[in-house]
Each structure stands twice: as structure tokens, then as C-alpha cells.
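So that you can tell them apart, the chains are marked A, B, C and D in the order they are listed, and the count of residues begins at 1 in each.
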Amino acid sequence: MCEHDHSTDHPSAKALLDGLPMNWGKWGPDDEVGSLNYLDPSQVMRGVGSVRSGKVFTLQIPMGHEKGDPIWPGRKMAQRYNVLDKGDFLSGKMPEIPGGTEYSDDMMILYLQGSTQYDALGHVWHDDKLYNGFDARSTIGSMAKASVFPIAERGVVGRAVLVDIARLRGKDWLDRAEPFGLEDILAAAEAQGVTIEKRDILIIRTGWIGSFYKRDQEEFYGEYAEPGLDFSRELVEWFHEMEIPNLVTDTIANELAIHPSSGVSFALHHSLMRGLGVTFTEIAQLDPLADDCAEDGQWNFLYTAAPLKVVGGTGAPVNPVVIK
Amino acid sequence: MCEHDHSTDHPSAKALLDGLPMNWGKWGPDDEVGSLNYLDPSQVMRGVGSVRSGKVFTLQIPMGHEKGDPIWPGRKMAQRYNVLDKGDFLSGKMPEIPGGTEYSDDMMILYLQGSTQYDALGHVWHDDKLYNGFDARSTIGSMAKASVFPIAERGVVGRAVLVDIARLRGKDWLDRAEPFGLEDILAAAEAQGVTIEKRDILIIRTGWIGSFYKRDQEEFYGEYAEPGLDFSRELVEWFHEMEIPNLVTDTIANELAIHPSSGVSFALHHSLMRGLGVTFTEIAQLDPLADDCAEDGQWNFLYTAAPLKVVGGTGAPVNPVVIK
Amino acid sequence: MCEHDHSTDHPSAKALLDGLPMNWGKWGPDDEVGSLNYLDPSQVMRGVGSVRSGKVFTLQIPMGHEKGDPIWPGRKMAQRYNVLDKGDFLSGKMPEIPGGTEYSDDMMILYLQGSTQYDALGHVWHDDKLYNGFDARSTIGSMAKASVFPIAERGVVGRAVLVDIARLRGKDWLDRAEPFGLEDILAAAEAQGVTIEKRDILIIRTGWIGSFYKRDQEEFYGEYAEPGLDFSRELVEWFHEMEIPNLVTDTIANELAIHPSSGVSFALHHSLMRGLGVTFTEIAQLDPLADDCAEDGQWNFLYTAAPLKVVGGTGAPVNPVVIK
Amino acid sequence: MCEHDHSTDHPSAKALLDGLPMNWGKWGPDDEVGSLNYLDPSQVMRGVGSVRSGKVFTLQIPMGHEKGDPIWPGRKMAQRYNVLDKGDFLSGKMPEIPGGTEYSDDMMILYLQGSTQYDALGHVWHDDKLYNGFDARSTIGSMAKASVFPIAERGVVGRAVLVDIARLRGKDWLDRAEPFGLEDILAAAEAQGVTIEKRDILIIRTGWIGSFYKRDQEEFYGEYAEPGLDFSRELVEWFHEMEIPNLVTDTIANELAIHPSSGVSFALHHSLMRGLGVTFTEIAQLDPLADDCAEDGQWNFLYTAAPLKVVGGTGAPVNPVVIK
């Protein structure tokens, strides 16, 4: 997330979203997990019922890849340092441990939204109100409301469907700033022969994050502009009717950063996340999973994920597990 | 993990483990995930088949609890800091973002083994050799072999059984340095009416980590001595025959730190993890799960977990998901 | 710095300080270094003129002492980690560097006020205004006004006088929460046979920080209450008349945390630092210097110090140099 | 510091330095401060005697400049985060502090050699031996010998001379990889009308670090190759005869990284620092000082500096103070 120049006069998220459905209060005034409430035990069982062969995929990108890790400009890449290793024993400094035990230990410094992660529902807002109407001042110092913690405590388990926009368009990855919309989601599902059902977790592949590892960093970042799902009223209404609990993509922001016609930034964070309480999972690695789905024709499966239980966190890293 | 005074003359892990089964080479000279290899698709399906009602539990402890987080003495507690929040917008320093978008962001400093975590198979060793015979010097600076990364890449999915030693002994939690062994595992399973099957993920509850949040820190830490599974040849042979892929406990080290009769430290890290390639999951929060199992009588379930994909990590935090 | 229970009804720094001298505007509306402006070249020359023998003392405490480092409760102790050392070369992982060069490198995580440090003039305030009237909202995210940077850019050079309150009272160190005042400063100077001149940097020894290394941590911290200079109107007026540019002590907060009769906290931060622009140097190690002064009878000397040039910092560590 | 391709067959620091003077053992087998031993009280008095007008300069570069901070490739730039500020009080989360006290606090993550800094004498070596013959394995985990700590404990005070190579060559700053040598030092001193005396601290300006703030980052870094003092036997012998205690420059490595004719890297670190015990101060900001010296014709002055007292540090940041 970052600031941008105004692309229109006085764009306003509030005006853009006027009249769209909202889920504030739907699960009580204290609710902090939003549309994850849709994932009740019956939905868990529906997810379990979609498993066919026992194949497993993990969706996190590496932390500390030799090519670097893709992050939103302004964030810092994670740093990992050894605290103890065989060197310390070779140095003669470590006291002998009974039995000849030796071990290694390490620590890390990371942006909590700097890898594959769940966003806290409250982490993007406008008009001084977070999801469910919480006061934006509750974000100060630490998120007292709608942090990532309740999401992590609950976990996310359900049936998921992968739609592959890059494959639909016959590309390895979508272009810089390339938009797509509800019609593309539906067209991809149809082309894949999969039905998106009510309360499915929606996973959208653009190929973008995978391209980071195959391209020059300057080419990937440039003036950073990733492809993404573009806001439309129809899209928001469809999410609302379909009761989609979780949107997972292989981009850093899960959407086109600027809605072209209005100039509003992060319009889906405002409408889906803040308005409907849809949890966002960003920076997922979807290429191996998509290749497998294309091969066996199974585009739906059990999805389980639980980000780290960071108290007050604006987000937290996660390594989702898909079981087909 | 830490050093201890010698409690016998010349204790030696090598001597203690002489003649015990080893899995080095069993999955090839390059294998880094050990007994997780047992968790093939048929085991995944067995795990999926154990789901009955769709209840979900997450097993990580909080990171940043108001009482602090339980860590092995010498490690540092995680620190989280906001990078951006509503305060920055109130200050007038942030440039306006199109549409009136505001957001929060944060970062964290953590020991990778400082919360619920998977240990890298290579992170404890003796005699200059890690699991599968890798050179201990490969740990220097970063784990080049048997790091947590391949475990995270693969994910852990299978059927798990919870055995509750605290409940067996009629205690809220086991005492400081209280040992238990194979006979207790079997007795608890029998008392619970559950059968531990071959290739089950074994989860053992002592109540210890849960007690951290109910007790004074000084009482919890003292001269730190947690209860734990005590090494025996029978135990190691049983793990080998049962092909247990993963041992999960609610203690920091998963075992009694010092094997009393030999004085060898971390004998199960040496025999199970280094020798057999059993992955260790430490510092799990098992109390709510155990209460539920006691209530509904279902002590086996689907277990899915994938630690963060930390390249070269000695371990990585994880928030396992249990589906009953 | 930390919060405290109210010890009176409605204590108010504003009321306590009513009518006391202030230096706001004295050096212009943009001034950020306050009474350091007194240290013009003639004062530097006066400091240089006080050098007699060429003895040198450094006043910082160690960072990473084996006993730990004394910090205000709530702050975290600095952590230092090697990034590279001989171990990496022994591991065979490092590529050979031409000529056989090898080297070590390291990094650190620290609270900027967690060792001997200069406080930014703006880092403590009341009534929404920092020193010189700057808006308190300018502290958000980073100190835009009256940060430690201008102090660091300028440097602090002048004549200093050490007054030894512990020695005056015949103690190794003052007791917990033991107060002293202007009359003690003057009595100590007289006992030592030194005259405090206008524009002298004032260094006050209590023995407190030195005691950290000789005592049990629990004894030192307890419910933390350090000895300190106690607020009085006479004291503030004396600092004003004497044009004292810098107050250096061997305590963490440079003053008695709570002014007993009013219940106001950090009354000297408010009156001297915020009101008069006196820079504060905290957590100095003064014991070896004081011993030397007692031996040779020379209690004044050249003082030079420059904290790290941390942009926007609330404070910054420093290792002051005294030349006698 | 970093690795380089071999530019000759088998370059060897050991061979290159054969027969050059060494100071190992000169100040005893435990000495860790090397040529700083030359700075006895008489040298301090000589430095004090060079002060004429009371002008003060500080030589550190900013930490956290809006253009970034110049660091050796591979190191990370410092990150500073607020822990507390006015935002926390606006949020209503902070309990009221008696008297209405509010304050700000912050923390930092930094490479210890990532700003203006003193190198530990032991931080570069070859042939398994540090300065004074200490075992290179003593660097593992933390520098047990010849760390920056004893330098910081002692402090550096003496007479310094600035020689301005950029000015000598009529440039704003020297070019990428531009070498200079002893003859240039002497020529610059002569052109400036200053005499380098025995035991003077030697400060050499290239203009390089100052150029960082005036140029594009890509232009500054490129394939990083900074200008620098080039190794020669005459140069090392001159340092030895002149008993130079400290070399300060405005480059990151204080020397030409590769000695062209031998291909040996960091030949001055090996010969001056490791061999003679000359302390190195790197990344100094010398432009304002040099401009002033050019104007008033005074190129010698009192130099005082003391890096942070980092226990076991490979180096530590410093903000040197010059008094003219």
C-alpha cells in the first residue's frame, strides 16, 4: 500500500461506494472476522468433501529467496540472522552441553505484510471508520480492533476455487497494471469447467508473483504497477450475494491499485474488506497449484490457513495449505 | 535449548543411542524432511477421513500476549512496532492518498523458535553430523541442509491423535521436570478410548504452556525445568515401528531436557529428530482442543500445518489447524 | 519514562510551572537546540582552557554488558548479532576474497534512549506543545521538530563541572528515590572546592548507574525508583540565571520521577528541558571520572559529546569524552 | 567489505606484506587498541594546543537521510521506528501520566558499520590471525579480542590534520576507483601549508561521501568502486615512522578496495590496521570542515571521538567532534 498522485479531482471512496452492500453489524458490534463467519462447520465439511486424491500444496512464497522477496515499495525485505550455529562450537566459546549436544538458533526482522499474508480487516479504511465501524484511532500503536489476531485465532477452512486469469488470457503472467473484472472471473471458471459456489474461498491467479523470480527486479518493480481485479459495483454485489469469505491472489495488493474511472485507490479494500468484511490473502504463490489443476482438471479443493497469531497486528504471514 | 552442568561423568549421546534405529539414507542422500515422507497421499486421505463435524482449532500461542510469551531462557521475546497508523494521518505528515485511503502497517523482530514452531531437522546434532549425515558446518550463517524450508514447502497433513498426560494424571498441568514415557502415552490413549495408528501425527498434552498464562512468570521459569517425554530405547523403537512423522507438544523442548540416568541432554532430539527424522512441533497451545476432545470423545482428527518458508531457518513459527 | 499513579488530586505540570522562566523564542521560532546556543566559541575556548594534564575519560556505559544494561522499565535491552565472522569462512560457504581477506560484520537492535544518550528537546511535553512551542503532533512517526538531530549536528563542547552528591553524603550510591536539590549541588561544589560558573555544563553523580553492575538486578530495579534531582522553583531559576546548557547525570531520567509535593511527573523535563531548552544527558558512567577528580582535586574540564545523528530521533546514544 | 574476482593469479596478502613493519606485541600481548597507544596525555595536550578560535564541527553523516544512507553493498540501511508518540496519547490508549506528561520513544535496527564508524582492529584479517596475533576464531559470534569496545572505552583525542585530495586535484569529488598515494598526501599538505607531525591523526578528504547526497543513487553505487588511498610499501613505512594512530576518510572502506598490481583486496586494512594497529574511521562527512579550513587556512585542530561502547562489536557508529 502506498500513496499515489491524484488521478482525478477529489476522488472519494465514500462517494464511490455509496449504496453498496455492507456487512457492518451483521455479526454483532464486536465482530472482527467478518465474512469468515460464513465458514461454519457445514462449510468446513463441504471443503473436506472436495478432497479427492490427497495431493498437498503450500502457497507461501519463500522468505529470503536468493533473488529477494517481492514487497510493496516502501516496505523492507525480511532479514534473518543466525544467533548460534556450528561456528560457535568450533570457536571453543560455547560451554560443553551434556552428551555433546550442539544446536543452531536464529532470529528475523520482518514486515508483517512483507510476505504471503492475511490482512487485518481493519488495516485499510477511510472516513475514520474501520470495518464494522470501529474508530480509526484504535489502530494507533497497535490494532485494538479488527487486527489479524482474531482471524489467526479462528483459522480459515473451507472449499476454495482457483480461477486462472493468466491462463484464460493465454499469458504466463498478466501485464503491468492490467485490469480484469467479474466477467473474467466467471469466464475463467467456465473455461475451467468449475462452478463457483456460495461461500467458496476465491483464489485468483495472475502469474504476477511467480514472475518476480523469472525477471529482473527493475523490470518487476519499475514504477510499481501490478495487474489486478478492478472495482465495479457488480463485482461487490456478486461478492455479497455469493458470501465469499476470503479473496486470495498472487499480487501484493489483491486489486488494481487505482480504480481508473474514479481515481479512488484500493477500492476493493474499501468495498470488500472494510465494507463486507472479506478477508484478503495477498502475495500467494499459485503457479504450481494452477499447473496441477490444469493437468487433473480439479479446480476446487480444501483450503486451510491460519496466519501467525500476532496480537494487534495489521497483518501476519501465513503459509496456506491446499488439499486436493 | 541451552547448556547444563554435567550430571554424570562424560555423558555421550553417541553411546546412549548406539544400536538404535536410524533413517539416514532411507529417503535418499538429499532428503531433508525425514519421516514426513511417510505422509503420502493415502495418509492425507486417512486424515481427511477422520473429520466428523467440521470443528476447527488453531494451535499457536499468541505472539505478544499481555503476560508475555513463553520462551526458552536466553531467547528474546518478539517485539512488534507500528510503522504507520491513524496517528500519521492525524499528524498531517502523510500525503493524501486518492479517495481518502488510510492504512496501517507494522513490523516485528522475533526469534524463529520463539513461538509455536517447527524445528528444522538439522537444528540439533552431535558428533558433527546432522540428520541424514549432513555436515554440521552446513549450519553456519544459515542452514544449507535440513533447514525448516523443505518442511514448510511440503506442509504437514495427516491424521493426528492427541494424548493427554495431564488428564491421565488428574492434573491441570504436569509439574516442573516431571517425566513421562511410552507407557504413559499408551495408557492415556487407552483411557481416552483412542487407538494410535501407524503414521499418526502424535500430539501430547502436558498442560505446561497453558499454565504460563495462569501463573506468575517467576513460578513458571524458576530455574527452567519443564515436564517432558523421557528418552527410552523402547520409546525410540516404538516411534520407528509406528512410523510417527511428527511429534507435537505443549512444552518448549518437546522432551525432558536431561535424560536422568545418562545425563545426556535432548536425547529425543538426537534419537527421534536427528536419527529417525521425526519433525518436532513445540510450544503448541493444546488446552482448548483437549477440552473439546474430552467432551465429544473424539481424540483423532485431520491436522494441517505449514511453518513459514524461511530460507535457511533453524525453525519457523507456525499456526497449525486441526479439523475434527 | 513511564506512567505513574496519581499521587495527588489532579496534578498539573502547567500549574506547577506557572511563572517560571522560559526560553521559547529566545533563539528564534525555529530553534531546536535551546540552551546549547550558549555554547558559543568563547565558551568552547573556556572549556579548552580548563584542560591541565591531558587525561581522557569516556562516559558511556557498555552496550551488551554480561550483567545486562540498565534501562527504564518497558524499554528492551539492545541485541547485537554477527552477520559474518570466521565461522562463515570455516564453513566453506564464503567465496574466496582476493588476497585471502576475511572479515567480520554485525548488526544491532536498540532503543535509542536505551544507553547513555542525549534526549531530543522535544521528547517530553505537556499541554500539546514541545520546547519552543512546536506542536506535539510533530512527534508522530518521527520527530519533525526538536529531534536529537540538530543537537547531534551541532555537537556539545564546553567547560563542565562535576558535582558528586554521593560523595557529599558519604555513600557509594544514593538510595532508591532519594532526593537532592540545589542546596546539595552548591554544597557539593563547595566541599569539592570548585566554582560552578555561568554556562558550565553540569554533571551530577549519584553513583546509581555504577551500582547496577555491583548489585542484583532485582535489587536495582525493584519497583523502579531511582534517586534524583528534585524540582524546585529556585532550582529552575538558578539554571536560568546560570545559563546551564546541558545537565548530565548517572541516572536513567536525570531527576526524581515524581515531584513529591505536587505529584507532577518529570517536572525537570518540563521546566528545564521543555521550558529552558536545557539538553539532558542520561545514564552516564561517572564513577571513574569522579574517583580521578577526588584524587587530583580537579572537578572542571573540557567536555565534548555528539550523539548519533539520528534523523527524527527522540534521543540518540552517545559516548561523551572528558579531557582534564 | 565484499568479495571480488581474482584480478591476478593467486594474490596473497601475506606475500604482499612480507617484510613490512608490524606492531604486534609492541604494547603487550593483550593490547587491543594498537596505535591509539601513541595518544598519551602529551599528545592530548598537543591537540588541545592546536585550538585557536573555538569553532566546532561534527563529522558523522546523518542516519536516515531522505536520500538514504551510503553503505557498502550487502549491508542494510538503518531503520528507525517510533515506539510511542503523540499519536498514542490522541488514541486514548495511554493511561494518563501525573501532571499531564506525554513523551515519545523510538528504536533502531542498524548495521554497526553502516554509518560513520570506527572499525574494530580485529575486524579484517588474513592467515587466521587478527591484529596482535589473536586467533581469528575469536571473532565467532562476537569479537572476544580486538573488538571496538576497548577503542570506545579509551576514546580518541589528539591533534589531527586534514589533507584534501579532491581540492588538490581541483575536483568536487574524486572519480570512481580513482587512486592516490603517499605523494598526494604530502603534496596536499604542502599545498595547504600544513605540516603533518608525528602522531597526528590523519584525515583525508576525497569528497566521495558528500557526493552521495548530490547524485543519483545508481550513479553513486553502479558496480561499487570508490576512490581511495592505494597501498604501497612506502606508505606503510611512512605510517609506521610517523606513528599515525588513526586514519579517517570520507569513503566507506578508507582505501582502494583492490591493489591493482597485486590484486590483493583491502591491503591497507591488512598492513595498517592489522599490521600496525592503526584505527580506521570510515564514512566521515568532511565537506563543511574542509571548506572552513580552506577559508581560514587552519588545517590542524583538536579531534575527539569515541564510538559507542558495543561489547564484542566489529565496529561501532561515531560522531567525531573537531575543535578548531
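By definition in this document, contacts are C-beta pairs under 8 Å (C-beta built on N, C-alpha and C of every residue); 3 or more make two chains touch, one makes a residue touch a chain.
Everything quoted here is computed from the prediction, not taken from an experiment.
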{"item": "Selected pair, greater C-beta contact count between B-D and B-C", "value": "B-C"}
{"item": "Inter-chain centre distance, chain A versus chain B - centres from mean C-alpha coordinates, in Å", "value": "26"}
{"item": "Geometric centre distance via CA averages, chain C-chain B, whole Å", "value": "45"}
{"item": "For chain B paired with chain D, centre-to-centre distance based on mean C-alpha positions, whole Å", "value": "46"}
{"item": "Where chain A touches two or more other chains at once, by residue number", "value": "76, 79, 82-83, 85-88, 90-91, 107, 109, 137-138, 140-141"}
{"item": "Chain-level touch network, classified as line, ring, star, complete or other", "value": "complete"}
{"item": "Touching residues on chain A, where the partner in the complex is chain B", "value": "1-8, 11-14, 16, 40-45, 48, 51, 53-58, 60-66, 75-76, 80, 82-83, 85-87, 89-90, 94-115, 120, 122-128, 136-143, 149, 152-155, 157, 258-259, 262-267, 269-270, 302, 304-315, 317-321, 323"}
{"item": "Touching residues on chain C, where the partner in the complex is chain B", "value": "76, 79, 84, 87-88, 90-93, 109, 137-138, 140-141, 144"}
{"item": "Contacting residues of chain B [partner chain D, same complex]", "value": "79, 81-83, 85-88, 90-91, 107, 109"}
